[in-house]
Every structure is written in C-alpha cells, then in structure tokens.
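Which chain is which? They are A, B, C and D, in the order written, and residues in each are numbered from 1.
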Amino acid sequence: MINKVVANADEAIQDISSGMTLMLGGFGLCGIPENCINALVNKGIDQLTCISNNAGVDDFGIGLMLRKRQVKKMISSYVGENAEFERQLLSGELEVELVPQGTLATRCMAAGYGMPAIFTPAGVGTEVAQGKEIRNFNGKDYLMEMAFDADFAIVKAWKGDTAGNLIFRSTARNFNPVMAMAGKITIAEVEHLVEVGELDPDQIHTPGIYVHRIFQGKDYEKRIEQRTVRPKE
Amino acid sequence: MLDKTGIAKRIAKEIKDGYYVNLGIGIPTLVANYIPEGINIVLQSENGLLGMGPFPFEGEEDPDLINAGKQTITTLPGSSIFDSAMSFGMIRSQKVDLTILGAMEVSENGDIANWKIPGKMVKGMGGAMDLVASAKNIIVAMQHVNKAGESKLLSECSLPLTGVKCVKKIVTELAVLEIASGGGFRLLERAPGVSVEEIRKATTGKLIIEGEIPEMQI
Amino acid sequence: MINKVVANADEAIQDISSGMTLMLGGFGLCGIPENCINALVNKGIDQLTCISNNAGVDDFGIGLMLRKRQVKKMISSYVGENAEFERQLLSGELEVELVPQGTLATRCMAAGYGMPAIFTPAGVGTEVAQGKEIRNFNGKDYLMEMAFDADFAIVKAWKGDTAGNLIFRSTARNFNPVMAMAGKITIAEVEHLVEVGELDPDQIHTPGIYVHRIFQGKDYEKRIEQRTVRPKE
Amino acid sequence: MLDKTGIAKRIAKEIKDGYYVNLGIGIPTLVANYIPEGINIVLQSENGLLGMGPFPFEGEEDPDLINAGKQTITTLPGSSIFDSAMSFGMIRSQKVDLTILGAMEVSENGDIANWKIPGKMVKGMGGAMDLVASAKNIIVAMQHVNKAGESKLLSECSLPLTGVKCVKKIVTELAVLEIASGGGFRLLERAPGVSVEEIRKATTGKLIIEGEIPEMQI
C-alpha cells in the first residue's frame, strides 16, 4: 500500500497558499476539519476561496478564518449564525456565492467522478438560474451546473488508515466524502489513525486513492451548535 | 384559528403510511409529534440521515449526530447514514414522498418564496431549492398573513423565488388550500371558527370557493 | 420504520410482466440475484429488456433466461462466454446494445440521483458516439449519455434488514448499489435478512428508501466463473 | 525478441512508486509479478476494488471476490471495495495513474482499437473505452504484428476504435515506442537482439528514429 501519513496539520497544509480555492467538509460545525482550520489560521494566508456548506460561527470553524480576513469568497448554501460574516458581507469585504445545497454536493461529486457538469432542477426559475444553460429533459427544466475545481479538499473523518482509507461517523459524514473525491489534493484529518488491515474493506467510505495526506488530529472540540434534548422520563 | 401546533396537527393528517418525509425548520418540525397511530413513516434529514429519531436525553447528545437544523437528534432502529450527494440524489429522484416547509409567500400557480428578502442579510437557501424543485408533493406550513398584515397568498410572489409551480397544498392558521391545476388557491377547509369571508379577506391571490367549505377536523 | 419484506422471489416479481425493462445487478456471475432470475425463468414472461453488465453463462444467471428466449434486448458492456447468446445474436433473435462499463454504471447512478443525463469521455471518436451529442468542456470532448429508465431493478445483497437497508459483501457489490437506486421499483434479495437495528447505520451501502421489496433468498450457488488459485507454499 | 514475460518485465519498469494502476487482461496482468523491490503500488480492478492481491490459495477461493477478468483473487491490508459508479468515477477523474492494456491496433496519433472485429462475434468493450478515454497515462502491451504477419502499428487503425489520441507508449516483443506529440511512433528501445531494421519492417505507421537506439535493459 501507499503510505499517505503526514505528521500534523501544519505539514498537511504547508503548500496551501494565498489565493487558492479550498473545499472544507462539514455541515454546520459537525464534521469540520478543526485541526486544519486552526493551522490555516496560524499560517495566516489570505484571499482564499472556500467551498463549504456553511461558514462556521464567530469563534469556531471557518468563522476563525473570517475573523482574520483570510477569506475572499465563500461558496456555500447557508451562511447564517455569524455576525462577523454578516459585517464583512455588508461592507463588501467578502464575496458570497450562494448555491443550493444539493447542487453544492453534486458539483463536488461531479469533480470526483470526472463529470464536467451535471443537470439539476434546483434553482430553475429563480435568480440562481441567471446566466446558466437551461435544458429540458422529458418535459422538465434543468440547470447545467459545473463541477467544482478546487486546489485542496480538506476533510475530517472518524477513522482512517495509513493508506488514506476513511470511515466517517454518523452525520459527521455529510459533505466530507464528496469533497474528499473532489480536491486536486485531498487532506484528511482523522480522530483515529490506524494501520492498514484494521479497517474492513467493505466499510470504507472513501477509498485511499482519493486521499493524498492523512494525519491524526488532536484536541477535537466538536462543538454543538444547537443542543436540543428531552428530559429523561 | 389555529396555533402553530394546530397547523402541525392538521398537516400530520396528510401523511400516509409508508411515506418518506422531509420536514423543514419551524412548524414543519412539529408535525413529527402528531403522526397518527399505526402510520409508519421515515423522516429524511438532508444532511444525510434517514430515520430521524427524537431529541436525545439530556447528557446523551452526540455532536456527530445532528439534523439539517443543526439540532442534536437520535437515530432509530433501521436508520441509515449517507453523504450529502446521495441525500440530494434521493430527493431529486423523488424517493422522498412529501416535503413540508415554511414560506414567506406562495403564488396562485404554486411558486414559493422563502429564502431571501432584498435589502436584508441573505443567509442562503440551504436545501430548500433542491427540495422544492424535486419533491412530488409539497405542503407549505405558514401564517396566512405577514406581520404587516399583508396576505402571503398572492397572485404572484413579490420576493425572489425559491421554486416555481411546485407547491401542492398550503395549511395556515385560517385554512387548508390547494393549488388548482389551472392556477388559484382552492379553499378546501376552514380552521375552526373561521369564516370563508375572513379567509377571502386574508387572501390576495385568486381564491377558488366551490360549494360548502367544511371546517377542519383535527 | 417501513416494512419492505415479501415472502420470496415469486412474490417479489409477481407484477413483472412481458415487455418490461429490468436492471439486474452483478458482475459476471458475482453478486447476481439468483433467486429472482430463477423465478423469472419459471414465470415464463418474455420480450424483456435487460440492463446488466453481463449476460451470464449458458446454464447460469441471465443465460437461463436467454435459453428460454425471454430476453428481447440486452444492454451490457460485455457479453462473452455464452454460446446461446452468440447464436441468438447472430440469428437476429436477440438485440444487443453495448455500452461502456463506466457509462453503464453512471447511467444507473444518474437515474438514482435524479440526473437526466451525464457527460463522459468514454466512447468519444468511436461508434458508441454515433447519434449522440458531443460537448467540449475545458478542451476535452464528452458524450452526453441519458439516465436509464427501468421498470424494475433486481439486486442481490449480503445482508439486509426489514426496512430495506442493504449491505453488500466484497466485490459482489459491483453494480448492485447503483441499480438499487435506479429502478422505479427495486427488489433486493439477500443472504441474511435481519431485524431493524441489527445493521450499523454507518455501514449501510443502500438506504432502505431505495428498496421496495426485500426477501431472504435460498440455495445460493454463487458459481465461480474463473477459479484461479496459487499452490500453498 | 521478448516473450510475453519479457514484455511484462519491461513494462514493470515504467511503474513508479505510489502509482495506482489498472491492468487489462492478458500480458498486462503479468506486469504485477515484476514490480521492482521498494516500489509500492496499488492495483485497481474496475469491478470495484483497490488493492488487488494475488490469487487465493487452493480451497480459499471466495466467489464474492473477483477481479475484472472474473478471476478469483484476494485483498490486501489497506484494500477498499466500492461500487461500479465510484470505480469509474475514480478512473474518469484520473486518480488512476497508469492504465496498461492490450490492443489489436494502434495508430501513429495514439488511437487504439481493441474491442471489435467486423464480421466476428462482438463481446463488448467492457471498461476499456472508459479507461482509454480517461487515463492520463496509457501503455499498450501487444505483439508488434498480428498472426497474419501484418503490422499492428499503423498510420490509421483499420478496426473500429476504442479511443482516440490516448496511447502514450507501446511495448512489443520488438521494441518500446512512444507516440510523438506531432504523431508517429518514436522508437525508444530495441528488444535484445532485435535490429532497427527489423522494427522498421514490422511497423507500417510512421516510425521516428532519432540517434542511436539503445537495447532494452530488463
């Protein structure tokens, strides 16, 4: 097997530079690559385009990068819950491209599957359709949406092996597998890095061929955005 | 006149045994609490879960297990997890039988606006555009009029659209209405104690009233 | 949960009728729905269009349906190792549409993902491209290929639960998950049918929403097409 | 002149550490036996496996575990299994570094024909069209001439094509050649004991010979 292990987040992101396009996995704060985000903040590069379903909160996730003005443009489906984001957006410092969530996911998948474009009905008849080719199949209109082109994809998995195979846990899976397939270079941080042979080949969500660098992250906070509970009966 | 719970209860009656259902944030989420006995359904959460269970018991929250509203939830026996591409794949291929969501405006031909108010901070459409463009059956849960007292059932939406010609039915605090095939809001039921005249006053778009309009049974 | 269990193959296929289009999972003889194929042979319907990567061998798999002249048309990527197939093809009794294997898989996936068409470079400049739209993206030509439209998909899994969730074993996975997503009605036969709750939600390959009927098959032969071994040292 | 093993050994030298490689049926399959020490590669089998291992020991065959040639095989530590759509997804997105396959004909601009002979039973292209249309690096392993003694390296293929302008390199029993960027077979190496003249005689397409042509080192 091919060994994809790097020491830590700093090594993993060492050649990410200002102006690049990054995909960042996660949904809300669930399943985000915490270690790599912190390393990007420390590295201090800027003018980044970030493709991520959400933009974190003020003091966690991509919100940390926004606070340091590292992000030029966000490509997301939902960017609420972030006052600094709102401030930068309204002041014109930050550019935002809002993309329907399914379109966002499918444009990632298209990149990973070598499909230059996909057709989706999402956004037909809305401002999302502006400037896009519309095509009718079987009586229904679809937008042609292009595959993303990202320099790096940064994802977070639960377990991974030294060959880069990944297993995600619960709904922390979300965008991570489709982004893992889509980066020119894909970095995976995992909670548990194991030797090859320890993962069941049938249970691997992302085959190692898609992952170029892997490391075991540390100090995961895994913050909960909306703690909803019911009382014990 | 119904309260939010009443709207949720009335919508719950639309759900048939064996349905896969996607519930939006707000009133739609409440619907899950009122599914009739003997009706087995599966809730789809578009962040990647089929078989959404109730909120966890205190102290048992799992940060890796949330719904599309980012709330901590649980799974059920028979649940499955998948990635975002497959999640919207099953939505686009109409495997989800029913989508229930809120709206700011609905037009008489079934257009829906629920994601953007010009001049205000736009948070994004999330999965709403995918859901409304794909679902075979969409029920809107909303107030009949906005806070300014203006009807939200219009001949044409004034706000930027989320989707076109997609809404099938609307349940408000005043009424149940369906979008007629030729356009127009066909009044199906009145909320308890609400007159047809009150509904007419609160509806700007074309209202179709045929025969006696029964009062809702909840 | 919604219960998808039927008693057996006969019940599962009861409303499949002559002239329909069926998808059948498997690669070679690996992971084929043996029970349903036998039930289709017994039912004796004909004029079927079968979408399947291969066409079985003379006395096993889809070969059994060919022998009873139940198949009008095969849509496959490779149809060797079948003398009866060859005879029917050369005599004009059987129609064959050969589709590149990746295109075949992706046209299934497109159906399951609600995408009416996909773009692939496979077949550009060959007779496969005849009559198809060619489109250039980023300097490379792609064919537009349409999603399949199948009345039934019939797949075979290793384990399944009563809600229709499926887990495949090893390379018997192959076309089964993509076809499971693609049928208007999907039938799954499994080696082990278990109660809901017995499968880990993270390990399910095909969510039950895609599966309309499930049953536990019996007497699996699982024939090996090319037994290759090395001597024990 | 090389035998099949020789061709496989020579091709093995083209494989670099860290490569993901797809091997076609026939001579290409043999290449796996001659990967140099210290070179770690992963074999992709397009039916849905990364990390193809050797044939199983007798009695340990698993009918659920085969390669794209339908042979019983094994996995290795670090192997992964996936469905056919993902398999060709990774092929199309050029995650597979090298494809080695056989051919009936190759043209001097890199076209390849290897799936169909008019008038004979056509078994199908399997995954070959996907592989040749997508791979960033394709090496053809084949005999220089066919059984009738005719060259298989032509100015234009006479047989129906599998793919266009895709072959990068050809290894035959006589020579190693690459497709020159402007077209033509650039002769890189002679097989042991084979003269440039013999190669010239066996090659119908434009042969480019620049300088001294070294003998292969195997």
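In this section, a contact is a pair of C-beta atoms (placed from the backbone, for glycine too) under 8 Å apart; a residue touches a chain by one contact, two chains touch by 3 or more.
All figures in this text were calculated on a predicted structure; none of them were measured in a lab.
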Far-end chain from subunit C, centres as C-alpha averages: B
Between A-B and B-C, the pair with more C-beta contacts: A-B
Geometric centre distance via CA averages, subunit D-subunit B, whole Å: 56
Chain centre separation in whole Å, for subunit C relative to subunit B (CA means): 36
Distance between the centres, which are taken as Cα means, of subunit C and subunit A, whole angstrom: 33
Subunit A and subunit B, separation of their C-alpha mean positions in angstrom: 28
In subunit A, residues with contacts to at least two other chains: 106, 113-115, 120-121, 168-170, 173, 201-202
Junction residues of subunit B, two or more chains touched: 49, 75, 81-82, 85, 88-89, 91-92, 134
Inter-chain touch pairs (all): A-B, A-C, A-D, B-C, C-D
Sites on subunit B touched by subunit C in the complex: 18, 20, 40-42, 44, 49-51, 75-82, 85-86, 88-96, 134
Sites on subunit A touched by subunit B in the complex: 27-31, 53, 76-80, 86, 89-90, 98, 100-106, 108-109, 120-128, 158, 168-178, 205, 222-232
Complex contacts: residues of subunit D adjacent to subunit C: 45-49, 54-73, 75, 81-85, 87-89, 91-92, 111, 121-130, 133-134, 160-165
Subunit B partner contacts - residues on subunit C that touch it in the complex: 1-3, 111-115, 161-163, 165, 181, 195-197, 201-202, 204, 207-210
Subunit A-facing residues of subunit C, complex: 106, 113-121, 137-138, 140, 142, 146, 167-170, 173, 201-203
